[in-house]
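Look at the two complexes coming up: chain A is in both, with chain B in one and chain C in the other.
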Partner chain A sequence: MVDATLASISFDAEGYMTNPSQWSKEIAESLASQEGLATLTAEHWKIIDFCRQTGLASGKAPTLRQITIGTGISTKDLFALFPKGPAKKVAKIAGLGKPEGCV
Partner chain B sequence: MKTFLILGAGTGGTMVANKMSKRLDRREWRIVIVDKDETHYYQPGFLFIPFGIYSPSDVVKPKRKFLPDGVEVFFSDIEFIEPERNRVRLGGGKEINYDYLVVATGSHTHPEQTPGLTDAWQQKVFDFYTLEGATNLGKYLETWNGGRMVLSITEMPIKCPVAPLEFLFLADWYFHKRGMRDRVELVLATPLPGAFTKPQASAMLGGMLERKGISLEPEFTIMEVDNGKQVIRSYDEREVPYDLLVSIPLNMGADVIQNSGMGDELGFIPTQKNTLQTIKWPNVFIIGDAGNVPSSKAGSVAHFMLDILVENLSDAMQGREMKASFDGHANCFIETGFNKGLLIDFNFDVEPLPGQFPFPVIGPFSLLKESTLDHIGKMGFRWIYWNILLKGLPIPFVESHMSMNGKKSLSKAPVQA
Partner chain C sequence: MATENRKIAFICSKGDLDMAYPALIMGWAALGNGVDVTMFFTFWGLDLVTEKRVDKLEIAPVANTSFKMSMMGLPTGNLGIPNLMGIIPGMTAFASWFMKSKMKALGTPTVREYLEMLSDGGAKMYGCKMTVDMFGIKRDEFLPCIKDVVTASDFIDMTDGAQIIFI
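Right after this comes the complex of A and B.
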C-alpha cells in the first residue's frame, strides 16, 4: 500500500526526500503513483536510474538538458513520459532534492 | 619568463589583471590578457536602456582604460584552447603558451537555439541582454500603444537571474509614468515553479507580482516561438499569447569553450566550486560566469571570487596547498520600480534572508524589503563599478564571504511526512 511504504520516509515541505539512502524501487513506485504515474515502463526507469546516478554523483538533481543528453530521449518524449515538469517529477521519484533557483 | 594568461577582459578578467599585476613578480611573470571586443560594457545598465533611464553611452567605456600598465593586451578572437598543452591559439594563428590560465570568457545569449525566436528578432521579439537588443527595444517602446508584453526566460542558468523580475517591475513603473499601464498586460513565463523559489524570499515578496499586476506562467519550458500565431509554446503544449515578446535566450559559455571540448552541455567549464580551479586542469582556473560553479552568475559573484582566486593562484604557483574557499557569496540590488529597490545577500548554503546590510539595525540597505535607499544603491553602483570594482579594490565593509551580520531568520521547523 502506498501509505505504508512511504510512512517511514523523511520528506521536506514540498515532498522531496531528505535522506536519499532511504530510497528503493518500491518507494519510487509509490512516489510515481502520487505524481499521477500508475505504471512505470522501462523508458521511465531508464530516466529515473540516470537521474539518480547523476544526482548522487554530482550532489544535484540533473537538469532537463542533462537528462535529454544523458539518456538520448528527446525533451518532447520526456514531457510525454513525465507530464508537466519532468525534471522536478523525476527528481522527486528518484529520491533526490529539488532542482532550484537562487531567489 | 613565465606567462600568466587571462582569457576575457570583462568584469572578471579585468579585476584579475589588476590584482595579479600587483601580486606577481614582474621579473618572473609576463601577464597577457585577450578579448575580442575593445568595448567594456556595464551590463547591469542594459536593464535601464529600454525605459530611457540610461542611454547606450552611459554603459560603455574602452576596455583599455581599466587594464593596468605592463599587461600585454590582445584584442582578438580566441580560436582554440589546448589545456593539455598549456596553449591557446588566437584568431589569425598567433599562439600563446601559458603557465597558468584564468578563463573569464563569460556567459552569452543564444536566441538561435530556440526555434522561431529569431524570426521576428528585433522587430516584435527583443532581448535586453545585449546593448543592441536593449536599444532596439527602447525605440520600439517609445511608440508602442500597449498590449500583452510577455517576458520569457528560456532556461536556467541565466546570468543575472533577477533581471527578468527587475525588467517587469520597471516596465510596470514605466507604463504608469506614461499613463498607459491600463493598456498593458505584463506576463512572466518562466521554467521555474515561481517568481521566487526560495522560502524566505517567497514569504516576503510573494504578493509583489500580483500587487504590480504582473501575471505568472510558471513551469513554462519554452519549446518554440510561433510568430504566425504570436504565441510561445511549451514542451507540454501550453501556449502563451503575446503582442510583444521580450526573451532571455539560452545562456551558454563562450563558443571557444565548446569548440575546445572544455565545457559541459551548456559550454560552462566544470570547476571546483570552492577553489575555482577547473576539475581537469590544475593550472587552469575560472572567474565569473565561465565556470559551472553553482552560484548565481553575477558581477558581484565575480568580485567575491576574486580574492579567493588570487590567493589560490598564488599558492598553486608556489606549489603550496590551496586554502582559500569561495562560499558562493552573491549580493544583488533588485530594482522594483517607483524609485525603490531591494537587496539580496546570500551564498551556496544560505538563501536570501531579511535584515539590514552590511550592519545590523543601521544597515543602511534593507534586505528583502523595498526601500528608496536600495534603489539609490543600485543606481550608485555604476560609479563603484567603474572606479572601484574593476580595479580589484575592496568595497568598504563588504567581505568576500557572506556575513550573517544583520540578518534575521524566519526559520520553520522541518516537516516530516
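Right after this comes the complex of A and C.
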C-alpha cells in the first residue's frame, strides 16, 4: 500500500526526501508510482542507482545532462523512461534533494 | 485529463553568441520541469539553426555597453572596453573566444549540442518562413532539429495557451 510505505518518510515542501538514509527500493517503487511510473525496469534502475550514487557522493542530485553523460543513456531515452522532467523525477524516486544547476 | 500540460514558447530573433543562450538554457529548464517547449527561430535567430553558422556565432565588444573589462579579471570597475579598441581587427574574435571559454568552464554545452539536447528532449523547433524567403535559405541548410518552416500565423496557432517569451 503506497500510503503505508511512505507514512514514516519525511519530505520537504516540494516532495523531495529530506533524509536519504530512510530510502529503500520499496520506497523508490512507491515514489515512482506516485510519479506516474507503475513499473521500474532495469533501465529505470540503472538511472536511479547512478543518481543515488552520484547524489550521495557529491551531496547534490545530478542534473539532466550529468545523468546522460554519466549513464551513457541518450537524452531521448531518458525522457522516454521518465517523461516530463526526468532529473527531478529521478531525484524524488532516488530519495535525493532537488537537482541544482541549469544544465 | 483534467488539467492540460503547461506550454511555453520561445521566439529567438537574435544571432549573437550571448543572445543564443537564454532561450536554450530556459528551454532546457522548461523541459526538465515537464513543460512542453516550442521554439521559433526568426531573423538573426536563424543563424542558430543553420549548419554553416551555428559554430561561428560571435559577440562584438563594439557598442556593447555591458561588456566590461572587469569581466576579464581586471580591477577596472565599471569601465567598458573603449569602442576605438573594440574595432581593432581580432577584437570580436577575442571577445567571442572569451565568452565561449567562460561557458565551457561552467560545463555549458555548445549551441549546436544544446539544440540537439532540446530536440531529443521533445522541444519542437521551427524556422520563420518570412526570414527564409528574405535570405533565400534552403531547407537542407538547417540543422536536423528544425521540424518545419512556418509562418507567423502558424506560430500564433500553435502557441494557443502557451506562455511566449521573446528573445
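Odds and ends about this structure:
Heads up, the rule we're going with is that the second predicted complex is superposed on the first by the 99 of 103 C-alpha atoms of A that agree within 3 Å, B and C clash if a C-alpha of one lies under 4 Å from a C-alpha of the other, contacts with A are read in each partner's own complex, and residues count from 1 in each chain.
Here is the rule we go by: a contact is a pair of C-beta atoms (placed from the backbone, for glycine too) under 8 Å apart; a residue touches a chain by one contact, two chains touch by 3 or more.
Being a predicted model, the structure only gives us computed values, none of them experimental.
In the superposition on chain A, contact is made by A:84 with both chain B and chain C. Of the two partner chains, both chain B and chain C are touched by A:65.
In the superposed pair of complexes, A:76 makes contact with chain B and with chain C alike.
The interface of chain A with chain B overlaps its interface with chain C at residues 63-65, 75-76, 79, 83-85, 88, 102-103. Chain A meets chain C in the complex at residues 63-65, 68, 74-76, 79, 83-88, 102-103. Per the touch definition, chain C reaches chain A in the complex via residues 5, 25, 28-29, 31-34, 107-109, 116-117, 120-122. Within the complex formed with chain A, the residues of chain B that make contact are 155-156, 161-162, 165, 192-193, 196-199, 201, 219, 221, 223, 235-236, 265-266, 294, 296, 330, 344, 346, 352, 412, 414-417.
Within the complex formed with chain B, the chain A residues making contact are 6, 9-13, 15, 18, 60, 63-66, 69, 75-76, 78-79, 83-85, 88, 100-103.
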